[in-house]
Every structure is written in structure tokens, then in C-alpha cells.
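We call the chains A, B, C, D, E and F, going by the order they appear; numbering starts again at 1 in every chain.
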Amino acid sequence: MERNVDTFLACDRTFEDAKIVLFGAPFDSTTSFRPGTRFASRAIRGDSFGLETYSPYQDKDLTDTAAFDGGDLELPFGNPVPALEKIEQYTERILRAGKLPCMVGGEHLVTLGAARAVIRHFPDLHVLHFDAHADLRDEYLGEALSHASVMRRVWELVGDGRIFQFGIRSGDRSEFLWAKEHVFTNRFNFNGLEETVRKLSGKPVYLSIDLDVLDPSVFPGTGTPEAGGVSFLELLRAVLTVSNLNIVACDVNELCPVYDQSGVSTAVACKLLRELLIALSKS
Amino acid sequence: MERNVDTFLACDRTFEDAKIVLFGAPFDSTTSFRPGTRFASRAIRGDSFGLETYSPYQDKDLTDTAAFDGGDLELPFGNPVPALEKIEQYTERILRAGKLPCMVGGEHLVTLGAARAVIRHFPDLHVLHFDAHADLRDEYLGEALSHASVMRRVWELVGDGRIFQFGIRSGDRSEFLWAKEHVFTNRFNFNGLEETVRKLSGKPVYLSIDLDVLDPSVFPGTGTPEAGGVSFLELLRAVLTVSNLNIVACDVNELCPVYDQSGVSTAVACKLLRELLIALSKS
Amino acid sequence: MERNVDTFLACDRTFEDAKIVLFGAPFDSTTSFRPGTRFASRAIRGDSFGLETYSPYQDKDLTDTAAFDGGDLELPFGNPVPALEKIEQYTERILRAGKLPCMVGGEHLVTLGAARAVIRHFPDLHVLHFDAHADLRDEYLGEALSHASVMRRVWELVGDGRIFQFGIRSGDRSEFLWAKEHVFTNRFNFNGLEETVRKLSGKPVYLSIDLDVLDPSVFPGTGTPEAGGVSFLELLRAVLTVSNLNIVACDVNELCPVYDQSGVSTAVACKLLRELLIALSKS
Amino acid sequence: MERNVDTFLACDRTFEDAKIVLFGAPFDSTTSFRPGTRFASRAIRGDSFGLETYSPYQDKDLTDTAAFDGGDLELPFGNPVPALEKIEQYTERILRAGKLPCMVGGEHLVTLGAARAVIRHFPDLHVLHFDAHADLRDEYLGEALSHASVMRRVWELVGDGRIFQFGIRSGDRSEFLWAKEHVFTNRFNFNGLEETVRKLSGKPVYLSIDLDVLDPSVFPGTGTPEAGGVSFLELLRAVLTVSNLNIVACDVNELCPVYDQSGVSTAVACKLLRELLIALSKS
Amino acid sequence: MERNVDTFLACDRTFEDAKIVLFGAPFDSTTSFRPGTRFASRAIRGDSFGLETYSPYQDKDLTDTAAFDGGDLELPFGNPVPALEKIEQYTERILRAGKLPCMVGGEHLVTLGAARAVIRHFPDLHVLHFDAHADLRDEYLGEALSHASVMRRVWELVGDGRIFQFGIRSGDRSEFLWAKEHVFTNRFNFNGLEETVRKLSGKPVYLSIDLDVLDPSVFPGTGTPEAGGVSFLELLRAVLTVSNLNIVACDVNELCPVYDQSGVSTAVACKLLRELLIALSKS
Amino acid sequence: MERNVDTFLACDRTFEDAKIVLFGAPFDSTTSFRPGTRFASRAIRGDSFGLETYSPYQDKDLTDTAAFDGGDLELPFGNPVPALEKIEQYTERILRAGKLPCMVGGEHLVTLGAARAVIRHFPDLHVLHFDAHADLRDEYLGEALSHASVMRRVWELVGDGRIFQFGIRSGDRSEFLWAKEHVFTNRFNFNGLEETVRKLSGKPVYLSIDLDVLDPSVFPGTGTPEAGGVSFLELLRAVLTVSNLNIVACDVNELCPVYDQSGVSTAVACKLLRELLIALSKS
């Protein structure tokens, strides 16, 4: 008799058959305000039962997407160094097999682990970053590895002019000043995204989505809710817009289910992930 | 001394005096994801205390509407057949008395019970259906009576071209394909509603509102939240728009209070119900 | 690369190697008050991460128990007849393979499906029933298949003098009267359990645990909390006491996670299940 | 057709036929910590659906008790003076009709309103007071009318040696000192209750139960949870013990449903109220 | 070693150095539906940890604003008279020191206490009132001091034509009728705010923000959620628009944290308060 | 005007005057299951408003205890090394000033930081450890610094025979085996505590209380609830019993408020802390 395999929606291909490999990175040790994103990937798998596999937005079905859900990595607590290494290793395996990694955080720091592997395969990597927070601090309370500094660490990998941020509406003054010199930051919304898409055409792109780019009314279940965000349909449109780029890796982060007893935040994350997977498989 | 009569807001006329009869259908046995809508009608009565009877949108007061709240039907658990029969019988009594039935679900399957009675009185019945989900499956896990197939069952009563759906953003691929042949389905929003209103002018109309047509940010307290829905004001506008039609019966469904600890979903349902009752009494 | 197999704690043997087969029966359509037990088995698997495999009570480790977690059955909503059939079939397969079925409900009605299979294999079956509620009604709101009548249905299978109830503190007057003639009912607690154990020595026993036998302070996450129940240690002691009997099947029911935001009810269910599995494997 | 009468369990006699009149006093303006008890009586009526009318503890059924539920008084917010007057007036009407008033608070201050009426009818009134808090302050932040001073105000009505407190485990030092001179205070539990019952034999007794006498594990849904309380069975036993006295009025207070998302506190209150009503009707 | 000083964000100047004095008025005794705003100011201080001091909307930092957080007033429960006196006295001290008072409620009635002091210093006072509710009743259940009548009481201080309301979408019919004669009421949104700003140019203005002017999706944590409100960005824009006026006092009210388990309502209040303080310090 | 000083209950002396110094250590990065204890100390300060300063158990008042609440340490996230250093330094300052440190966690690992300072001052240090979990692992997922290994790390400081554990009911098999050689472990409850107290008479003792030693019914708000624990009164009695020892430092850990919406866990922690502080000041 069959084992109890637990996957997100229809991500039930084998690793070998899949073009996209989904996996969870349940790490939240550097979360600066309200921890708990470690439970995101499990919540997403469970509540995807309430979602159809078919997208009326794209008129495609996730069952037609060759996706495999590899489950969650086993990551240590309280030490980002080995956690990032494990994420890097798993991402490396996916890339080496010629597949597209799609990571579900965890806090946003997990992006650094994946990015380290991705840049080895795509030295000309560009990063599309949807977020409420700039995440560009050099350190946070003395720690260089923090979800508040992840994009600064990624910048150290990719260099100036390679990171494009949208939706940013929080950061300290110095982050915004530093950003002007080193990254493209669009405040508050997705204005200018089409132009960025034109610029990035043909380049390998890492798409990193911090779900708190959404307004807290839409997505209360996150560690640091920040009022004034985008709607679900705005984020969906942005994802569909950028899905025509050469996306070589992606992640979806910062769902913290315990802060949303209604389950709506998890439902939003599930739906966005479905749309993202379908959109990525088109290309 | 008086008995403790519990009604929604000012729905305190006698059955005889009333033009509109409100009643609850606390049934949720076929709910496919998160059950609990059986508690909706009670929650709506209790929390209507926090709402005024006056509508600044319509500049009318519910106290001027001749409405009677008949309380909740006593429905069995785990068997939709007798539950639907009881709903049908009560609706029949209301219609026979020349009054307008306004049912508060419960899950959406309850619409089938009421529709069976309504069609006997209005053979030319048309159905206006506001919902996130198409509800057009032929069966769900082998069951023909399910909240995921209720509009398919209603279609069996009314036939092709009689059901007009708005706000639909979820369904499996086959439902959307089937819909093209048999019903009018407007995806995502209320675009085209005015044209539908023109078409239905003079026809007897059953208005069935699944409150999950609202965005989950507005209405998290429901069994199957589906991101990307309409705002409260969009739904209100739609209700006021269609209230000029010859509405002969209506229902409001799928509030599941336990999934919204804030009570906001119940407050939204109360306010929509107030506006609906006032709007219906204008005609 | 490995698939994401999701099991309760260490229940990771193959079906073939296992002596005990755990499975979930996520059915709650006849729940009379607050539904939601369909999510119990999934919750138990997820939160078992917070529990050790070792029992200091029995000085044994679950890793030494040959248990397989077969996942959840796919059961229809709103119709107990096919749901009970599927439970019966799966139980039959386990028994035919010479293994012990351990079902996680769901509402208590699921016991009937399993019992139908068990009695075929063990015609001399006796039933040990720990519960707050007598569950002996002949019908509930007209329905014979209800979680409030499950033990009455089981009695129809096993006959007089075969059901032994403990912890019962709720029922209508007629149930208690009927019980006097047909079953052994110990009110409120486990007094007299040792004597019952002596009586049942050598007999094949179905152990059915409705977790609401626990006091609601210990186990709030259930559909019909009933004050005045037993403590966790009292229930644990009772389980260990009866584990020396010839238990041929068992179930653990009525965890309704949504009503316990603290997760404590799920943690209690996990721990009891661990102890039960270890205790059963001793024999 | 019938109006939607909402009563606690089987309290459905007419006022005229009833021997006991239940009513709600939804007032919580002087609550010192967490307000919200105004919603207690409504919650109790609704959730009593999950409770049987039969008591296996007393082998009696509430349907045999002639009780009428008069619903909730309409009390102003923010001013205890008129609120207490309305409570006094309604209590007066019940007493004048020769019936026993049973009030559901609300905060504990509501006892004062009822007591003012009761003492007119029973000048030799004695008060049995089950509570975690002494409630004997002369004032609280300058206010003489406060739930923290209600028993001091009642003492002004009945005088020394007439109040018997049990379960008390909180108060300021001066309250405990003052208590030694004026009332009988048993700390922490019900030790000595039998002796008090002997003392009060034949006297008219007002029984006032602040449900926070229960341990917060049993009854978390209250404004000022105080660890170290009694169990449900201890409180039940105490209620049954005193029910043989000449109880001429009673109240049950301080359920604050919003602080118990599990609903267990409401379930506990319902069950205690059922037992109290049955016990009172024996006499 | 330092004492544990608790302030909102960077409001850490001394009283003497500050130009703005923040303080909490934890009073909610006249709340007509769901009480609990007394915990707002404490929640705002604690959760301001999750917010940056820098505003990307105004490109200014709260650390540059000379603000002092004086903590919470100690207010009695259940009696608005002395509570309003204490608020009036503290506001008087702030004004006498030539500083701008910024009060955090509590329920909306607290505005009356502050307004009494402000009008003494600014007899030509005008009031800008953002709210879902008109708050213009003459009394509520017989009480003249109520959060539902606070603007009527303020009108008694300032007279006709001095109160400008925006966002109003709830009230009884008589309030709206009365309003036409005495105050300027803009229903539903901030249309016409620019014109009002022109009118009020140069006048001393009291800005009173009832946060339930926000849509309940954005701000569920309030006592009387009222569907159909403004978005966070609309409210932010309105605040920035009016901040160029001569604002001499302000308040932010009606956050009720217990009704928003996600903490999002508190986060919204924190962010609005930051923007308000920065905006006020510009002038 | 006064700054807004925030302390636990009456812990309002100056550092210089105090004999006991309370402080918070809001660290939870190594939490293995559900994080969030970082919010414990703030919650305890806020909710101590609902508690009296007087103890009827000890007939003493906390106002008579010379205690100072130094607030919370600012600790980094995601790196236990500097966090433990800061805890060690602050503890060192307290001890050097001849005062007794009383730390409020945070997760249990914080004990290690304090213990490092304490052992320098008291080389003959003995440790009394009340907990559900043995916390004796050598490492957890590769990390030596973990809340699951804190007592193993403390053992490295104090050596064999110096740690006395009570209430332990969870651990892996190897921990229990290791324990037999190196520490005194009493399973499940406080049996034998008096004998331990006799043994430790005159020795310097560090008392470390993991509040999950309490049964989850009493204390649901914790990261890893473990059924079968002690009652509040049993823990209180144990604390009073050991308070006659020469306690030179203490801590109270693992309150995770977000998992207890009722606030009861925080109330329990507050009351235990009050009793502990009063008991310690007796000596």
C-alpha cells in the first residue's frame, strides 16, 4: 500500500520528470519581530486542498506543469550558517539536474542560500525583488546574516545595478540612501515594472517574493506587517508580467501562519504559488 | 412578561404583516474544505446589534421595511436530502403567502432547496449568482448534492441560459468549459452586470449571493477563501443595481464565523443583508 | 530524490513490515455541534514534530514499534454511507494482512465503518469505549447514522453485554435508561476498569477512544466539550491498563483543531497516540 | 408562523408558569482588567445547543424544571447607577410574582442591583459568595460602584456575619484584613462549606457565583483569570451541596467569551447553569 | 542602571524638550458594542518595535521629531466624568507648556476631555473628524456621555459650522438629519477634503481620528467594524493633506487589539501615528 | 513630567535599593518547535496589571520586596553566542552589586548565559531545574547551543551530581540514560523534592523554572506543550518549598504568549513570578 506523500497541489511528478522543483526551507531564526515562518511550507501543502489546480487567469492547469515537491529541508535552529549551506546544496542539486528551483521560506534570509548556488550557474544573474522592506541593512543588531540584510548580502554576490526592488515601503533612512547608489528601488508599488522587464529581457533572473509586499489586509499572517501594500491582483499581475523573463530560480517567503487564524494568508500564498508555477512552466 | 425574541436587526414584524421573510438554513454537511457555516445565521442576529438600521447609501431605514425573521430551520446533520426538503417546504410556505423569502445559509447547497420551491411558483425563473466559485461540477467525490455542484443542480431545474454568474474566479477546467455552453459566467468581477440587468428586466429572478465573492481580506470568515475578489462597495453596488429587477427570492451564504475571530466577516454580512433587505423593499 | 512522505512521528515502516497500520478518516459530516474533526489526522502528523518518540512512562521508544502510517482516506462530504464503506474496506485490507488497524478520526461515527470489518474477523468482538457522551441514541434529528448514535449502531453488530463504556457524563435520559439493559456504562471516570479488564481477558477487543472523555481544560479542541472529564494521566493510565488485553483494532477520535488555537489539544492527542501505539506493540 | 424565541436550553415555560426566571444582565462597564462579559448571556444561550437537558449527576432533566428565560435587560453603557436600577426593578418583578430570580452577568457588580431587591423581600438575607476575588474594596480608583467592591456594597445591605465567601485567592492586603472583622472568608477552596451550610439552614440565601472561582485552565474566558482555582467537579459539588438551602435568588457572573476562542468557558458556564437550575427546582 | 522606559517608537525626548506630547487615555466604559480599547496605547508602544522610525512617504525620520511619550493616564472604570476630567487636566498641562497634545484612546469619548482643554486655549477651534460613525446622537440609552454622542458634546463646545466630518458611513437617521443643520458631513470618503483644508486655513484645528474610518479589512481590531471604509493609503493621504493646517491638538482612537489576533490593526495604528507625528512636526 | 516606566507589578525600586533585580531576556532563536518566547517579558509586565501585589498564600505583599525591574536586554536574533554574552554580562553586574538576579526568558537556553556568571561567584553552585523536558541532549540538529541541550551545557559548568531535575516527562532515550549517570532526575512530578531540599541545604542554588513543567491545560502558551504536567498549586508549593534554600539566582522561562489567546498562561506566569519574588525576599 502507498505511503502518505504530501505535496503542494499537483506537484506530484518525480524529481526526474519535473522541470520545476519545489521545496520548503523552514528557517526563521533571524526574524526580527514575530517568528514562525518555519511553519509556512507545511501550511501551504495542507491548505492547498482548498484550491483548484486550474487557473482561470492563465487558462492553464497546474496538472500540466511538470513540478515535483521535494518536501522540507531539515534545517538547524539558531544558526544561519549551516542552514544556508543546506539550502545552497539542495539548490545546487536542482540546478545541476537542469531544473528550476522554487523555494518556499521561511524568513527571507533563505534567499541567500539559494542565490549562492544560482550565481555559480548564472554569473550574469539579476534579481527581481518584491517586498515591503528594503532588506539592505549592512547588519542588524550586530548580525550580518539577518532577514533585514539579505538583499545586501545578495548584492555582495551580484554587484551594483543587478537588483530591482518593487513595493518597498519600509527601511531605515540609511538603507534608502545606500540603495540609490547600488540597486534599483521602486517604492510602494509596481510602477515601472514593464520597463524593468524590458531591461532584463534575456538575462537570467532570480525572482524573490517576500509576501509582505501585499497589504496586511490581504496578508496579515506575516512577521512584520507593513500597511500600504499592494493588492493580490496587483501582485498577480506583476508575477505574470515578469514570468516572460528568463527566470532561473524563485522563492516565496515570509508567510507566518500563526498570525492569521483565518487561514486567509495561507490561501493567498497557495494561490500565488499556483499561478507562479503555471506561469513559469509556460516558458 | 415578554419572551426573548431574537431577530436580525429590525426584522420584527409578524409573519402576516411582513413582505419579506428572513430565515436561517444552518446546514454545512457537504462543505468540501472548512465546515462551520451552520453558525452563520445566529452570528448575524447577534452581531447585528453593532449595526444601525439606517442606510446612508439608500437613505432608507430598515425599520420601514416589513420584514419578519422566522429564525432557523432545524435541519439534520450529514444528510442533504431531508435538509433540502425542509428548506423547500419553508420556502413554499413563504411563497404561498405571497412573501419574498430571504434565506441565510449555511453552505451554498441550501440554495437548491429554496430554488425547488421558487421554480414551482415562477417557471420562468432566472438566477443571478454572485460567487468566487462556479459551483458547476456534476458531482464532488461521487456526491451529486454538494456545495460545489449546487448551480449544476439548479441548472437542471431552470435550463440553459437562465443562470448568470458574476465574480467567478475558481473552478476546475471542465466546469469553465461546461459553463460556456450552458450559463453566462463573468469572471472575477461585476463587469457586464448592467447588461445582464437589462436582459433580465421583467423576469422573475432568484438572487443567490455566496459571500466568498468578496475578497478574503474583506471576508476571511468563509470555508474556502479565494484571493482576488471584489470589495464590499463593489458588491454593495452590484446588489443595489440588481435590486431593481423582479427579485422573487434571495439568499446569502457561506459565512463561517469561526474562521474570523475579529467578527469582521459577520459585520460585513450583516451590513450587506441590511442593504439587501432595504433595497428589496423599495420595489 | 526522495518524495515528501508525511507520517505520524516514527510510523515509517512499510505496510508489509508493519504490525500496526495507522490511517486517518477525515469525516465530520454528522457532527451535531461544531464540525472540523476532518483536520485532525493532518494536524496530528504535523505537530508530532514537537514530540519525542521515547516514552518515559513505558520506557520504550516508538521507533521500536513496527508501525506504518497510510495517510488519510479520501472520503466524500455529506454522505456517511460511502464514507463508512471506504473505512470498512481499508480496515478489511489491514486485518486481512494480519495487522492491527489504528484509525484517527474524524468524528466518532467512523468507528462504525471499522467495526463492520473487525467483527467479520472477530465475531466474539467486545468494545471498550472511552467517551464523554454515551452515543447511544437510536437516531439524531431523524438520522440513524450520526456520531450521537454510533455506539447504538455498533451494538447492533455486537449485541448485548459486549460494549463497556467509561467516562460517560452526557446523554439524554432515554440513552441512560436504554444503556442499563444493553451495555455496561461507567459514569464520569474509569472506576471499575480493572474489573472490566479481567472480564475481557482473552477476548478480542475494539478500543474506541473519543478524546472528549478528557476534561475540556485538557482538550478544548473538540466539537462538543463537556465539563467534568478525566485528566490526561487518568486516560493514559486507562490506556496502559487495557493495553494488556487482546486489542484487535482501535481508534482515536473527535480532535477538532480549529477550536484550540494553542495547539494543546493536538499535542495531547499526539502523546496519547504515541503511548497507545507503543503499548499495543508490547503485546 | 412562530417567532424566533431564543432561550437557554429548555427554559421555555411562560413567565407565569415558571418557578425560576432566568435573565441576562449584560453590563461590564466597571470591569477593571479585560472587559467583555456583556456577551456572556447571549453566548450561553447559543452554545447551550451543545448540551443535553438531562443531568447524569442529579438524574433529573431540565425539561422538568419550570424555568423561563426572559432574555437580556437593556442596560446603558458607562453608568452603573441606572444599570443597577434596571436590574433591581426586574428582580423585584420576579420576586413579587413569587419566583426565584437567576441572573446571568455581566460583571459581578450586577449582583448589587439584584441584592437590593432581594433584601427587601428577605430582610434576613445571607449571601453565599463563590469567587477568586474578595471584591471587598471600599472603592476602586475612586469609584464605589465597581466589580472589585461589589461585596463591600452588599455588606452595607446585609451587615456583619452575613456574607460567606469561598474560593477566594486574590485581594489586596486591606481587603483580607477588613474581611476578618465582617465576613466569613474561606481561602482557595470549599473547605468548610458543609459547616456553613449547617449554619445557613433555614435562612434565605442569595447564591452569587463568580465563575472565576474556577481554575483558569477550566475557565479561561474571564476578565481577570487567577491561577490556583477549583475544578469543575469541585464547583459542581459545592453547588449541589448548597442547593438544599433556602436559596431565594442566585447569579452566575464574569464569563467573558472573547477570551476563550475554544468556547470551553461558555460550555462550562452552560453546564453549571443547567445543574444549578435543576438543583434549585428540586427544593 | 536604567529604568525600563516604554515609549512609542522614538518618542523619547523629555517633556521639556518635546514639541509634541503623546499620551494614552485607556478608557472604554461607554463603548456600545465590543469593549477593549483600553489596551490600545500599550499595544501600540509594544508593537512599534516592528516599525522603522523613517517614513519613505515623507522622507523624514521620527527621530528628528521632538516628541515625548508620557505614558497612560490612570483612569477610573465605569464613570466617564472623572475620566474626562483627568484627560482635560493633562491636556491643559501640555497646552500650558506650549506643546501639542496627541492622545491615543481608548474609545472616542476621550476626545471630549481633551477638547474641553483645547477650546479654552483656542476659542476659535475647528474640528476635523475622520470616522465611520457620525457620533452625533444626543444620548445613547439615556447616557449623554457616550462614544456615540461625543461629537454632539464637542459641538456644544464649538457650535455650528465648526465640525468637519469625513468618511462617515453609519449613524441613525436622526443624526444625519441633525448633521445637515450643524456640521459639515462628508459621507463615505475624503472627497472635498482639499476644499475643507482651504476653508480651515489659518484656523486652530483639532484633528480627531477614529481609526474605524478605515475599512475593516485594513483595521478589523475595533469595537464596531463598519464595512465600506477607506484604505490605509487614503487615510494617510488625508492626514498628510491636513497636516499643513494649524493643528493644535489631535487624537487617534478606537483600536481594540483583542479583536485582531494578527496584530495588523495595531501595526496600522502604529504606522499612522508615526506619519502623523512626523507630519505635525514639519509645521 | 514623569517618563513612562514599565515594570512588573511593584518592582519599582531603584537598582541601588533593590535586593532582587528582574530582567527580561527576549531570545528564542534556538526554539525547536514553536518560537515566540521573546514576547514573554513584555506580556508579563503588561498583564501584571490584572494581579494584586498581595499574596494570600504567603500573607506578604510584593510592595515590601525590594525589587527592581531593569527591563529587557537587547539581544541579537539568530546567533546565541552574543546573546548569551549579553545575558552573562548583565547577570555579572547584578551579582557584583550583591543582588539576586531573576531572569524572565525567552527560551530556556538563556539560563546558560546567566549560569556562566553565577558559577564564577558561587563555584559550589547547585541547580534546581523544574521542567517537562530533560534538556540534556549533547546537540540538536548539529547545534550545541539549543534550548534542548541547555542543561547539558550547564552540566559542563557544574559537573556531576549538581543538577536536580523535577517534573521531567520528555526526552529521547539517550538523554534519560545519560541522566542516570550525571544528574538527579525525578520524572513527572515533585516527589522527593523535600529530600533534595535537605541535601541542598546551605548550598548556593540556581533555580531554573521552565514553565512547561505545568500541564498544558494550565499553561498552553508555550512552544512545546507536553501533556501530563503538574498543576499550578503543585508548582507553587514546590517553589515555596525550595525558597528556604540559599537561592542565589533564578529564572522563569518558555512563556510563548501568542499560543494562548486567552492570556491565561501569562496570568499564570505573573502569579508564579509574584510568589517567587515574595518568597525569595523572605530569606
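Please note the rule applied: contacts are C-beta pairs under 8 Å (C-beta built on N, C-alpha and C of every residue); 3 or more make two chains touch, one makes a residue touch a chain.
Bear in mind the structure is a predicted one, so any value in this text is a computation, not a measurement.
The equivalent interface to E-F, defined as the listed pair sharing over half of its contact pairs by residue number with it, is B-D out of B-D, B-C or A-B. If you lay the C-alpha trace of chain A over that of chain B, the rotation comes to 120 degrees, to the nearest 5.
With each centre defined as the average position of its C-alpha atoms, the distance from chain A to chain D rounds to 55 Å. Taking each chain's centre as the mean of its C-alpha atoms, chain A lies 38 Å from chain F. Averaged Cα coordinates give chain C a centre that lies 38 Å from the centre of chain F.
For chain F, the set of residues touching two or more other chains reads 32, 34, 215, 217, 259, 261. Applying the touch criterion to all chain pairs gives A-B, A-C, A-E, A-F, B-C, B-D, B-E, C-D, C-F, D-E, D-F, E-F.
Only residues 28-32, 34-36, 38-39, 74-80, 82, 109, 140-143, 145-146, 258-259 of chain B touch chain C when the two sit together in their complex. Residues 32-34, 168-173, 176, 187-188, 215-217, 220-221, 223-228, 259-261 of chain C are the ones that touch chain D when the two sit in their complex. Chain B contributes residues 49-54, 56-57, 61, 215, 217-218, 232-233, 236, 261-264, 267-268, 271-272 to its touches with chain E in the complex.
Chain C contributes residues 1-7, 15, 42, 45-46, 68-72, 93, 261 to its touches with chain A in the complex.
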